[in-house]
């Protein structure tokens, strides 16, 4: 794996790779070079299997991380390419022509993260959700609990007590708390 | 002269891109929803078929009926709180989720798992595979009208559920593989009772073999039907038995052994035909392999030893920033968990890579056009997909 | 900054009618031109009615006895609990001996088992399935998630209380309930029916407006008639 | 298509003669022994710590007050109510349960047409499965929270006996984090701590490594956090939820790790006097012990002028003159008091009220007076020869003050409390320095497991070479002329009579003579109330020899409050709590007075 990255590093810009295991490596690549790297890895280096394509929302850094995980099934190596996208108006490059199955992943990302992949088949069609009107749900700023409580209704009548405050109320309510 | 083949000369011919122009106003086409409430569908999903006569012109898979937003819910739960919900991702074979999640957490948190626990984990995974294959065998036979095989398979699966129950404390959602180990040791006399189940299963499988693989009806309906070109495997991300039925002898258990698979003897079975028959056959052989593996594990596993490693206080368990991917060979193909942590007490992101995701979407849509309506159910079942892991 | 309240009060989404549901002119293979308006052609627009009791108590009791002994379940696995129905259909637990059987179409069923959580997408189908079932009909909620959300209590895509959207006659606790618990549930339901207390369908008819309002509050792309059977 | 393929499916007919596999009675089929069914809760074991609620990812558990379970030490009185509309039977609540009270039966059937019926408090709402022994129980070795206390470094007995250096090393940062990690933040300890310190909160600060924030938190409730981090009686640890199936959290050591981790000069930046206007009112406090100084600290922070009168050389009271240096080094105490002084508290040492200044003078010169004089007079056994015995408390004070004390080769100590251990171990050190060997005998009425002293104290005393003779009643101090030669004791059969009154019964045949050049009595202390003067003593109301006070620490005189050991018994943390209480009460009175004047 190291040797492979070493071979490629002259032609492409790689971030510092993380060798999570002997057979698993994460590395950040430039968005503009992603397609070329993927094509080369697929056609020359034997990384023919697209294991998964997903996104991570780093909202603090205002970025989406796209993770393209590709696998060389002969050598049993897995390489995960990270591509960082701006969170505002996020758009990725479709790779459905390299792997037709990527179209499904891209549809999901479009729906769940709001990352667009222009040119990907049926990317704008509803995939999992139906009639969704709120923020894309997998974004970090979408609060599922708040949404759930306002949209659906919990069964009323539940109330809980914190042991500490309950004991204070029952046992030492008159004790002056602290010197403040 | 009477012919078995109907006259299909009026049917539309696909254009150069392999697609048919569908115009509903011509009156030639009918939209047919196959599911979600349909006996010939694998779970709660649907395929929107556009048919012309009895031939499917176009099929679109619709999923999301079982979407619970697991990947979102996991982000709101602490690492231990994720443990009970992962198994819900895949109902018929939940243990893979538990294993992959636990292994991912252990890797990022640096937790050692005792040897005894890895053996029990392997046992659980094989038992789960047994169940899943039983469902698949029952499903495919049911889809082709061989109801009795489905009855037998469900019965034997149920016997295995009894073993699951006594080992893990639950029938379906076992919640047994905790990060750090497993919950308990084998109960007393477990091996004997397991052997009973396995021999019963073998008896029924011998019968099923006669009813399925030696049945002229089954053969006619499955041989040559639902052919997947092995050249498509890589492009459509086909793994597991579906790929093995096309001669690709790939199995994560063999290629990058996890747990104790490197200490076990087993064969990776392949077929060449890559049709429904071949896929069913691969599963059938694999099922026997699984039975053999369960016996082997019970024989080889250590008899005592701790089953739990040391966990920090799980109520405020933080894992340093990192990411990893853990995979394993489930009954349907490569199953994996992609876990990203950010140093807090909650996972930043968990992505589940279920084999059904690639099989039931792009691949199925590709395969379905041009088939006969009556073969759709069999085709879907033969891909062995479970909807809950597609949409999670 | 968007007002939070406003965010959640978004209007239901305007969705274009699906292609196959649009009214259109179609040429039949033999050359006729016919007009199709699927939403009118496929559905009946009449409102549900309260099913009256028989005039005589003896007759009503007889009806209830008969109903209780022929629970025909719609074989629609809405959620994970469906997997525990399969053992019931097979010889080991054999629910058929109790007059219970599974039917592939709502037209032949009188018991809808909601097997666990309902995502909004499935809720829409479940409502349709329920409304297409002939009266008298019953609904059974299976598992914790039908009672109070279960483990999906904070999910954005599953309903929390089934009784907001469909009239539920009986709940079975468990995650998921075992086949034996399901059988217990069926037996209990039989008792309820026999006593004439399984009035879910009538409740649905009586509070139809309320149920519809609840349903439409969560199904954002309502594209079917209000009542379809 | 071969003929075989046509015929072989017919082999299925052979099943016609098989026995059916149907379960005849599926309704009474029992689930497996480990089945995770409905919950059970052992009411006697449950302490209402709420860990089950904390870990439940379904928010299925509410802690509710139930009839018949009252809050008390180590029990919040709350019990889990489980919502089966939420539960997923994952049994994490059972796994995390701190006492093992929560279990699961193998019952699984619950059907109801009322969706609101699926809530219950296991163990309280009677259910058919309450007594079912089968069901899910956690395996013994599996715990989701740590059970073993992080090891604490200590000087070995050989190295510590010849000097008065501090014994306990204190946690390293790593040990502290490991130990803090075990806390489940239930807060049961808060109720037990006399000063109700925010224990879970400061432990979580240790976990996060935020020692400065932790220190500020400590000082909100306890200005003697450094001292308490070392010598507190840590009642909190006796009600810790973790103690039921493992070691209690080392709360005291964690407190110490906070105070030790913050550099001393940072204290003055972190703990500053709040910006409040001077009230112009003043309070006199008699005795610069923990109670007096806590009162002073609180009142000074409220803008009052506070003067503390201390009879001895240095402030600190019993913490300085009673507790040996090896447990609480003087430099720690000095620093602690300097933080209090930085609030503007004036401490006048060598001012014995009753001699240098009278109570009447204080009464007229100040708006309020606080009596926090401690217990500085040793009690005597009054056995023959006891007039020749030394009082432990006296001896300790003299050792601290640096006075020469006689150090014979053999010392006998009467008493089994902490003071007895303190004097025994102090004498042992002096003996080691002077004679090169230890010769201390401790005798007490109680059996060893009922000693009043902390377990660690006893263990350490034994390690240091003191001989402990439990259940020995002193009969006579043997005297030869002016010199003490030994102590004669009888075996104790019983300490209390049938009514529970103190009336020791002895086995006169079992007599022992402990040779000793000095006998020290350490059987309790009392307050020296001579400073009050006859008139005030007459006016005040008394309760069994102690000044009677109300809940706020006020005596029957409107200008006089009492706090600390003298009214609450010997304990630093109690004294701190008293101090807070009294300060609030005085402040309330002063505010009322001020408002009345305006």
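Note that the chains are named A, B, C and D in the order they appear, and that numbering of residues resets to 1 at the start of each chain.
Here is the rule we go by: a residue touches a chain if its C-beta (ideal position, glycine included) is under 8 Å from a C-beta of that chain, and two chains touch if they have at least 3 such contacts.
Not measured: the values here are computed from a predicted model.
Peer 1: State the chain with the largest centre-to-centre distance from chain A, centres being mean CA positions.
Peer 2: Looking at centroid distances, D is the chain farthest away.
Peer 1: When the mean CA coordinate of each chain is compared with the mean CA coordinate of the whole protein, which chain is closest?
Peer 2: Chain A is the most central one.
Peer 1: More C-beta contacts across B-D or across A-D?
Peer 2: B-D is joined by more C-beta pairs in contact.
Peer 1: I'd like the Å distance between the centres of chain B and chain D, where a centre is the mean of that chain's Cα atoms.
Peer 2: Going by mean C-alpha positions, chain B sits 57 Å from chain D.
Peer 1: Can you give the whole-Å distance between the Cα centres of chain A and chain D?
Peer 2: 49
Peer 1: Using Cα averages as centroids, what's the distance between chain B and chain C in whole Å?
Peer 2: One centre to the other, that is 29 Å.
Peer 1: Taking each chain's centre as the mean position of its Cα atoms, how many Å separate chain A from chain C?
Peer 2: 36
Peer 1: Enumerate the residues of chain B that touch no fewer than two other chains.
Peer 2: Those would be 64, 67, 69, 72-73, 76, 84-85, 155, 173.
Peer 1: Quick one: which residues in chain A touch 2 or more of the other chains?
Peer 2: Residues 128-130, 137, 142, 144-145, 155 of chain A each touch two or more of the other chains.
Peer 1: If you look at chain C, which of its residues touch at least two other chains?
Peer 2: Counting only residues that touch two or more other chains, chain C contributes 91-92, 121, 147-149, 151, 153-158, 161, 175, 178.
Peer 1: Indicate which of the five shapes (line, ring, star, complete, other) describes how the chains touch one another.
Peer 2: Contact map by chain: complete.
Peer 1: For chain B, which residues count as touching chain A in their complex?
Peer 2: 63-64, 67, 69, 71-73, 75-76, 107, 234-237, 239, 250, 255-256, 322-325, 327, 334, 336, 338, 340, 348-349, 351, 353, 357-358, 361-363, 366, 391
Peer 1: Tell me, which parts of chain A touch chain B in their complex?
Peer 2: Per the touch definition, chain A meets chain B at residues 18, 20-21, 23-24, 26, 48-52, 54, 56-57, 67, 69, 73, 76, 78, 80, 99-101, 103-104, 126-130, 137-138, 140, 142, 144-145.
Peer 1: Please give the residue numbers of chain A that touch chain D in the complex, ascending.
Peer 2: 155, 157-164, 166-168, 170-172, 174-180
Peer 1: For the complex, give me every residue of chain C touching chain B.
Peer 2: 19-20, 24-29, 74-80, 82-84, 86-87, 89-92, 104-106, 117, 119, 121-122, 125, 129, 151-152, 154-158, 175-176, 178
Peer 1: State the interface residues of chain D toward chain C in the complex, per the touch definition above.
Peer 2: 20-23, 26-27, 29, 31, 57-59, 83-89, 108-113, 115, 118
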